[in-house]
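Every chain is named by a letter (A, B, C and D) in the order it is written, and numbering of its residues begins at 1.
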Amino acid sequence: MIRAFAAGVASLLATLLVASVVIFAAMQVLPGDPAQVMLGVNARPDTLAALREQLGLDQPLAVRYWTWVSGLLTGNPGVSHTYAVPVSDLIAARLGVSLPLAALALALAVAIGLPLGMWAAARRGRAVDRGVLIVAQLGIAVPNFWLAMLLVLLFAVTLRWLPPGGFPGWDAGAGPALLALVLPAVALALPQSAILAQVMRQSLVDVLAQDFVRTARAKGLTRGQALRRHALRNAFIPILSVLGLQFPFLLAGTIIIENVFFLPGIGRLVFQAVNQRDLIVVQSVVMLLVAIVAVVNLLVGLAYAAVDPRVRRAA
Amino acid sequence: MTLLTVDNLEVDVAGRPILRGVGFTLTRGETLGIIGRSGSGKSMTALALMRLLPQDGQARGRIVFDGTDLLSLDEAAMCGIRGRRIGVVFQEPQSALNPLMTIGAQVAEGIRQHADVTRREAASLAAETLARAGLDPARVSPDRFPHELSGGQRQRVAIAMTVAMRPDIIIADEPTTALDVTTQARILDLLRTILRDDGPALLLISHDLGVVATMADRIAVMDEGRIVETGPTRGFAGRAHAPQVRTLIAAATLSREIAAPVPPLPEHTPAEHPPLLAAEAVSRRFGLPRAHPLAWRQYRRAVDQVSLSVQAGESVALIGESGSGKTTLASLMLGLQTPDAGRIAYRGQDIAGAGRDVLRRMRADVQAVFQDPYSSLDPRRKAGWIIAEPLHLAGPIAADERDERVAEALREVGLSPDDANKYPHAFSGGQRQRIAMARALVTRPRLVVLDEAVSSLDVVAQARILDLLARLRADHGLAYLFITHDLRVAKAIARRVAVMHDGRIVEEGMTAEVLTDPQHPYTRALLASQPDFSAFAA
Amino acid sequence: RTDLAIGVRLEPPHLDPTAAAAAVIGEITYANLFEGLTRIDREGRVIPGLAESWEVSDDGKVYTFRLRQGVFFHDGSTFDARDAVFTLERAIAPDSINPQKALLEPIEAVEAVDAHTLSVRLKRPTAQLPFILGLPALVIVGHETAETNRAMPNGTGPFRFSRWHMGDRVDLVRNDRYWGEKPALSRVTFRVIGDPSAAYAALMAGNIDAYTNFPAPEHLPQFEADPRFKVVVGRTEGKTVLAQNNARKPLDDIRVRRAIAHAIDRKLLIDGALYGYGDPIGSHFAPQNAGYVDLTGRYPYDPEAARALLREAGAEGLRLKLALPPPSYARRSGEIIAERLRDVGIQVDIVPMEWAQWLTDVFRDKNYDLSIVSHVEPNDLDIYARDDYYFNYDSPEYKALYAELAAEQDEEKRLVLLKSLQQKLTDDAVNGFLFLLPKLGVWDARLQGFWENAPIPANDLTGVRWER
Amino acid sequence: MNRDFLNARLLAGAIIVGGVCLMALISLVWTPYDPLKLDIANRFAPPGPRHWLGTDQLGRDVLSLLMRGAVGPVGVSISAVTIGLVVGATAGMLAASSGGVASYATLRTSDFLFAFPALLIAILLRETLGPGMLNAMVAIGIFYIPIFIRVSYGASLPVWRSGYVAAARVAGRGSLWIATVHVLPNIAGVLTVHTSVQLSLGVLAEASLSYIGLGVQPPQPSWGRMLLEAQTLLPISPLLAIAPGLAIMVTVMGFNLLGAGLRQALDPRGAFIPESEAVR
C-alpha cells in the first residue's frame, strides 16, 4: 500500500515534470503576440515593445521556464498578462466554480446512474432492465451541450424555474450559487450517469453470476442480502475505473458547458486566456488540468487498493 | 431413518432438459457418493436440492427433506433451510469465496445468519471452525483474504463455512478435484473427521471413483441426467452392469491395464553420449512482492539447483505436488525461460549461447504438450493449421506435402484427417489433447515434454491418451519427459522417475524401485495418499 | 428600483482603459467610473468633462483647459492639474502602453499652469485634440492609483467600483461625492454574457434588464413583439469593410477591386447577416456624421459587371483567402460574401481565426487577401493615410488630402475635405464597404435614458433611470 | 437478456452506421440542393414538399446540410480512431510482449497522454495549425492512443502468456510471427468492439469540437456547428437545433449498438464481454 502510494506519487511527479516542459514548449509555438492582443490595432511598435518588456516576454526561454516552474512549486506561477493579478488568485477564483460544478455533476451522475444500474441488474432480463438499457443508450448518445441547450430552453426560458446561466458568486449565498449550477450539472451528469448505469448493470450482472454469490445464498442469505453484502462491493471495482476514465471527460465537458452557461470557471478562463494570449495563464491552467487528471488517476489506483485486497496486498 | 428423499426430479435449464427422473434417498449420518462423467448433471442435482438453479432453470418432482417438500416452500422458508439444514461445499473453492471478504468474516456470516449471536461471538466461533478445518489461526489467520491461500486451504475454508452451521446434510461437490494427491488425502481426512464429530449425512459428488470408493457408504452413478446405478460401495464394481458404469470402473483401474512393457534402453552410457536434453544445476527464482518499500526483496526459488537429464528413447516421469516447480523446470528445459543459474544442454551443448541452427535442430527434436490442452491451441486457427505450425522447422514445405503430414499426424493420434478443418472448440477435452500431441509429433521429434498431459481429463479419456503414448513410444522410439502429480500415471509410462518437492528433486531412480521402496519421506507421503480401491473392487 | 443589470458581450481583460484596447473596458468604465478632460456625448459631440472649458491659441498649437474644482477620486483624493499632467505624460511616455498613444503623437508638452489650469502644447495644429481627449483611453487617472486601476479602478465618475466577479460580472455603486448631478441608479451590474442564446435567455428570464448592444439580431423581432421590452436600433461608428490587401496581386488591380465591389450585394448582406438591421455604406464613413456623402450607388450589385471587369483584368479563375475574425457579423457576412464571389467566379477559402491570430497574420504581417472587420473608431479616415496600415493602400493624393484636413480648423472647409476623402476611397475601391454595424439596444420598457447610438463604445449610465 | 434482442442491436447498429456512412458519401456528390447555396428570401422555410426539413437562417436546405454535415463527424471519427488504433494497438501489443523497460515506458507514455484533456490539445492545435477537420482528427486521435494502448495491452497480455504462444515458440516461431499470427487475431474481437465504441465517442467529440468552433469550418456544414448556429435560433426555429442534435444522437447510438452487438457476436463464449471492459 505504502509502496503503491510512493510509486504512484513518483510517477505522478515525473508525469508533471514532463508535462510542464511539453506545455511550455507548446506555448512557444502558439502564433500571436500577447502584447498586440492587449493593445489592439492602434498600438505602435514601441508601445508593444514596452508592454512586452513589462510582461517579461523579452527574457530568454530557459529563464522564463524556470521562473514559471519554480513559481508553480511555490504556488505562484506568475502574474496574468491581461488581468495583472497573480495567476494563482485567478485560478483559485475560477476553481470555486469549476470544482463544485464537476463535483456536483459527478455526484449527480453517481446518484442517478448507480441505483438505476442496480435496479436493472436486480431485474435483469425483465422489462425494467430493457427500459434502463434503452434509456442508457439514449443518454450516452446525447451531446451534453445540446442537452444543455434544451434544458435552458425548457427550464430557464419557458418555465423560468432556474437561471439560464451565469454565476452569482458564492458570496451571494450558497442558495443562488447552487441554483446556478443545477442546469449545467444536470447537462453534464445525465450522459455520464447513463454510462454509469450501463456499467453498473453489467458489472453487477457479471458478479451476480459468480459462484461466491451462490455460496452466499447457500448459507441462507436472501437475494437482497447477497446483493448488498457480496455483489455490490465486487461490482464496484469496474465502476472505479470507469469513474477514473470519466473524469477527464467530465473536465472537458465542464469546459464546454461553462461556455454554454457562461459560468466563470476554469474552462472559460482557458478559452479566454488562449484568445488573449495570456500565456502564463494558459500554461498554468493546462498544467493544473493535467495535474488534476493525474492525481485522479492516482486516487483511483489507491481506491482500487482500498477496495480490493488482491491489489492491496500485491502492491 | 430417511432424511432426504428425491423423487423423480426433473430439471430444465432454458428449456433444455438437464435432469431426468433423478431419485435417491439419504438417511441420517449416511454418506452417498454420486459419480459420473463431466456434464452428467451431478452439480445440477446439488443446485436443485438447494433451490439455487440458474435463473432460467426449473425443477419439478419432489425433494422431501425432513417431511417437507422443498420445492413447495417459499423463498423465505428456503433461506432458513439453506446453510442451516442443508449445507453445500461448491466445486472450485477458487471462485466460491468472495475475494473482497476475509475468510473469517465469510465463515462468521453464515453463523450470524442463522443464530442470534453477537458479531464477536460469531467471529470466535468462526475462528474455531477454521481451526477445526485445519486452518490453525496461528498460521492462517481468519483475517486473510482468499487470494492469500493455496487451493487446499481455500477448500478448507469452504468446508468450514458449511460446517460452521452444523447442517444435517452436507453436499460436497468435487471437493478434491482441483487438488493434488497429498492435499486430496488431507481434505478427505478432514471430511471423515467432520462426519465422525458432527454426524451429518454427506452427499459426496465426484467424477473420481477412487475418492468416492474410499468415502461413501453407497454409490449412485449418474449419466446424462439420470441415475443409472445405485448400490452399497462394498462390491459395487462386481455388481454393476450398466455399460456406462463398466467403462468408468475399467478406466479407474487403469494402472494395471495399460502397464505396457517399458522398452529397454539402447546400450550406452551417459558419459559417451551426451543426453538428449539435460538440466545441469539450474535454478530459477521469482521475486516476491516486498512487504514494505524498504524491505529486501524476497525471492521464491521455484527451481533450486536441479539436474535432470533425458536420454534418447528414455521416458522419465517428473512427479510432485502442485507448485513444486515442475512446469517451471520444463519451461527452462524447453528454453522458454532462461535459468538464473546453471545451464540447459541439448546434446551436450548449452542452448543459451547456441547458434540459430542448433536451436532450430533442438526445436525440431524437442517438442512439448502443455499442461492445459485447450489454452495451448489458438482458438482462431483450425486444427490442421495448428498442427502444421512447427513444420517450417524442416525448411520450406509444399502445401500438399504439408497436408499429408498433418493428416498422418492426425491418424497417428487417433483422429480423422477431416478433423483438420475444425476449430479447437469443436473438440472434446481428450481430442484437444490429441491435437496438441499431433502438433508435437508432426516434426518427428526425439523427445516430447508432456506437462500434466492427462490430469485435466476424465478417467476414460486419460486411459486412451496413455495408450496412445505407449504405442508411439513403441513405434517411434520417442523419449518422454512426463510431468504429473498422479503416481499411477507415472507408473504406467515411465522407466525412471524424479520426485520434485519445493523446487528440488528429492528422489530419483527407476520407477519400480522408487515406487515400491521410497527413500524420501515426501515420496512416502505421496504414495500413502493414493486412494484405496480395495473395498470398492472386492 | 434603482438597480440595473446590464449585459455586455465580452469579459474585460481588466478595468483600466488606459492600458488595453478592449472596447468592453470602455463600455463599463467610460463616464461611469472614469472621466476625461472632455467627454463625448450621446450624439458624438465633444462636451466638457473634467475640464469646464478650453481655449485654443490662434496658431492652433496651444490648448488651455480650465479644470473643474471640488472633484474627488473615489479613494477620496482630490483631482487637480497634477493628475491631468500625470495622465497625459504617462500616455505619451516612451514606455507607455496606452493603446491610443499614436493619436497623441502631436503633443509636445503638457504642463500645469496652476492647480486648476492645464496647458497642452502641440507640434502642429490638431483640431481633433478635444475629441481625442474625450476617448476612453485618455480618461484621467489618479497619480497614486494609476498602477492598480486594472483590478481596482479609481476614477472620478458618478459610480464607484464595488466588486469584480471575474468571468461573471462587475458591480458598481453610486458615488455619493460625485461633483455633478447624482445618477438615479444606486447599483449597476455589468454581466458578461457573450453567447447570443444565453443573452436571449437571460433577458427573457429577467436576469438582465438591458443590453445596449444585443449580440443576436435574429432575436429582435421577438423582443419587439414583447411589450415588456423596448428595442432601439441605433448606429455605431462600426464601418464594416471587406478589407483587401491592395498590394497583393491581383488585388492591386483596381478593376479586380471594383469587380469585387460590384459583387457585393449589400441588401442581401444586411438581411442575411444582420436580419435587416444596419445601414449600407459606400465609403469609410458613418452616415450620422457631418460631412457624409452617400456613395452606396457607386458600385451597384451587378454580377455581370463584376464578371466583365474580371475578364478585362484577366483575373478569371481567381482564388482568394478570406480571413474572418470571431465576431458573428464577420463570420456571417463572410459566408454570404464568399457565396456571392463564387457566383462571379472567384473561389473563396474561408479562414476563420481568433483575434490573436488575426492581429498578427492580417493586421501586423499583412499576410492575407481579404478580411471582414468593423472599424469602430470614430473619425478614423487617417488609417488610409498611414504608410504601414494593413490595407496596403498607398495613394499620395489621399495622403495630401488628409494632411490638409488635419490642419484645417474651419468647419465648412473640413466638411468639403471629408467628402472628397470619402469619394477618393470609393473611387479607388480600396475596400469593399459593406455596412454600418447597428447598435441593437434591448431593454426593459420601463427603463429610459440609454444612448440610442454609440459614437464611442460606452454605456454612459448617468441619465438612466427606471420609470416611476 | 435474450439473444434476439442482442442480435437486433447488431442489426440496428449496422443499419444506422451503414446509413450514415452512405449518406455522408452520397452527399459528396449529390444532395437535394447545393448545401452552400444561399436563398435569404426563403429563410426559415418550414418543412414542406420542396424542402423536406425546411431551410435555415440563410435559406439553405436543411436536409442537404444534414447530409453533408455527416462528413465531418463520420470522417473525423473514423480517421481519429484509425490513428488511435494503429498507433495505440501496436504499441500496446508490443508492450505486452516485451515486459521490462519498453513496456514500462509505453504504459507511462500512455498515462501521460491520457492526462492531457483532448480539448486542450484541440485548442492548442487550432491556434498553431488553424482550425479545421485535420486538427480535430489529430487531437481526437491523440486522445485515442492511450485508450487503445490500454485496451490492447490488457487484451494481449494473457495471449502472450498463453499456452499457444508458448507452443508457437516451441514450434520455433519468432515474436513477429507470433504477434501477427496469434496475438493480433485473438485481440481483434476486443479491438473491434472498442473501435465501434470509440467511433461513437468520436462522433460526439467531433460534434463538441465543431460546436466550440474547433472542428469543421464554414462554409462546410457540420452537425456540431449547425447546432451552434441554431442555438441562437432555438426560439425562432427549433427544428434547426433539433435536427442536427438528433442526427448526432442517432449516429452515436448506431455505433454503440453496433459495438454492443459485435461484443455479443464476437465473444466465443456467447456471453458478454462485460461492458465495463469495453469502456476500460
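Here, a contact is a pair of C-beta atoms (placed from the backbone, for glycine too) under 8 Å apart; a residue touches a chain by one contact, two chains touch by 3 or more.
For each chain, UniProt lists the protein as follows: A, D = Peptide/nickel transport system permease protein; B = Peptide/nickel transport system ATP-binding protein.
On a predicted model such as this, the values are computed, not experimentally measured, just so you know.
*Asks:* Between A-D and B-D, flag the pair that has more C-beta pairs in contact.
*Replies:* By number of C-beta pairs in contact, A-D is the larger.
*Asks:* What is the distance, in whole Å, between the centres of chain A and chain D, each centre taken as the mean of its C-alpha atoms?
*Replies:* One centre to the other, that is 22 Å.
*Asks:* Can you check how far apart chain A and chain B are, centre to centre, with Cα atoms defining each centre and the answer in Å?
*Replies:* Computed from C-alpha means, the inter-chain centre distance equals 50 Å.
*Asks:* Would you kindly tell me how far, in whole Å, the mean C-alpha position of chain D lies from that of chain C?
*Replies:* 45
*Asks:* Please list all residues of chain D that touch 2 or more other chains.
*Replies:* Residue numbers touching two or more other chains: 127, 231, 234-235.
*Asks:* Quick one: which residues in chain B touch 2 or more of the other chains?
*Replies:* none
*Asks:* Residues of chain A touching 2+ other chains?
*Replies:* Where chain A meets two or more other chains at a single residue, that happens at 31-32, 124-125, 149, 153, 157, 259, 274.
*Asks:* Quick one: which chain pairs are touching?
*Replies:* Applying the touch criterion to every chain pair yields A-B, A-C, A-D, B-D, C-D.
*Asks:* Mind listing the chain A positions that touch chain B in their complex?
*Replies:* Per the stated touch rule, the residues are 2-3, 6, 124-125, 210-212, 214-223, 225, 229-230, 233-234, 307-310, 313-315.
*Asks:* Could you pull out which chain D residues touch chain A in their complex?
*Replies:* Result: residues 1-2, 5, 108, 111-112, 114-120, 123-124, 127-128, 200, 204, 207-208, 211-212, 224, 227, 231, 234-235, 238, 241, 245, 248-250, 252-253, 256-257, 272, 274-277, 279-280 of chain D touch chain A.
*Asks:* If we count contacts the way the header does, which residues on chain D are in touch with chain C in the complex?
*Replies:* 36-38, 40, 43, 57-58, 126-127, 130-131, 213, 217-219, 231-236
*Asks:* Which of the residues in chain D come into contact with chain B in the complex?
*Replies:* 162-164, 166-173, 182, 185-186, 268
*Asks:* For chain B, which residues are in contact with chain A within the complex?
*Replies:* 47, 50, 52, 55, 75-76, 79-84, 87-88, 90, 92, 95-101, 109-110, 113-114, 145, 147-148, 158, 161-162, 165, 289-290, 292-293
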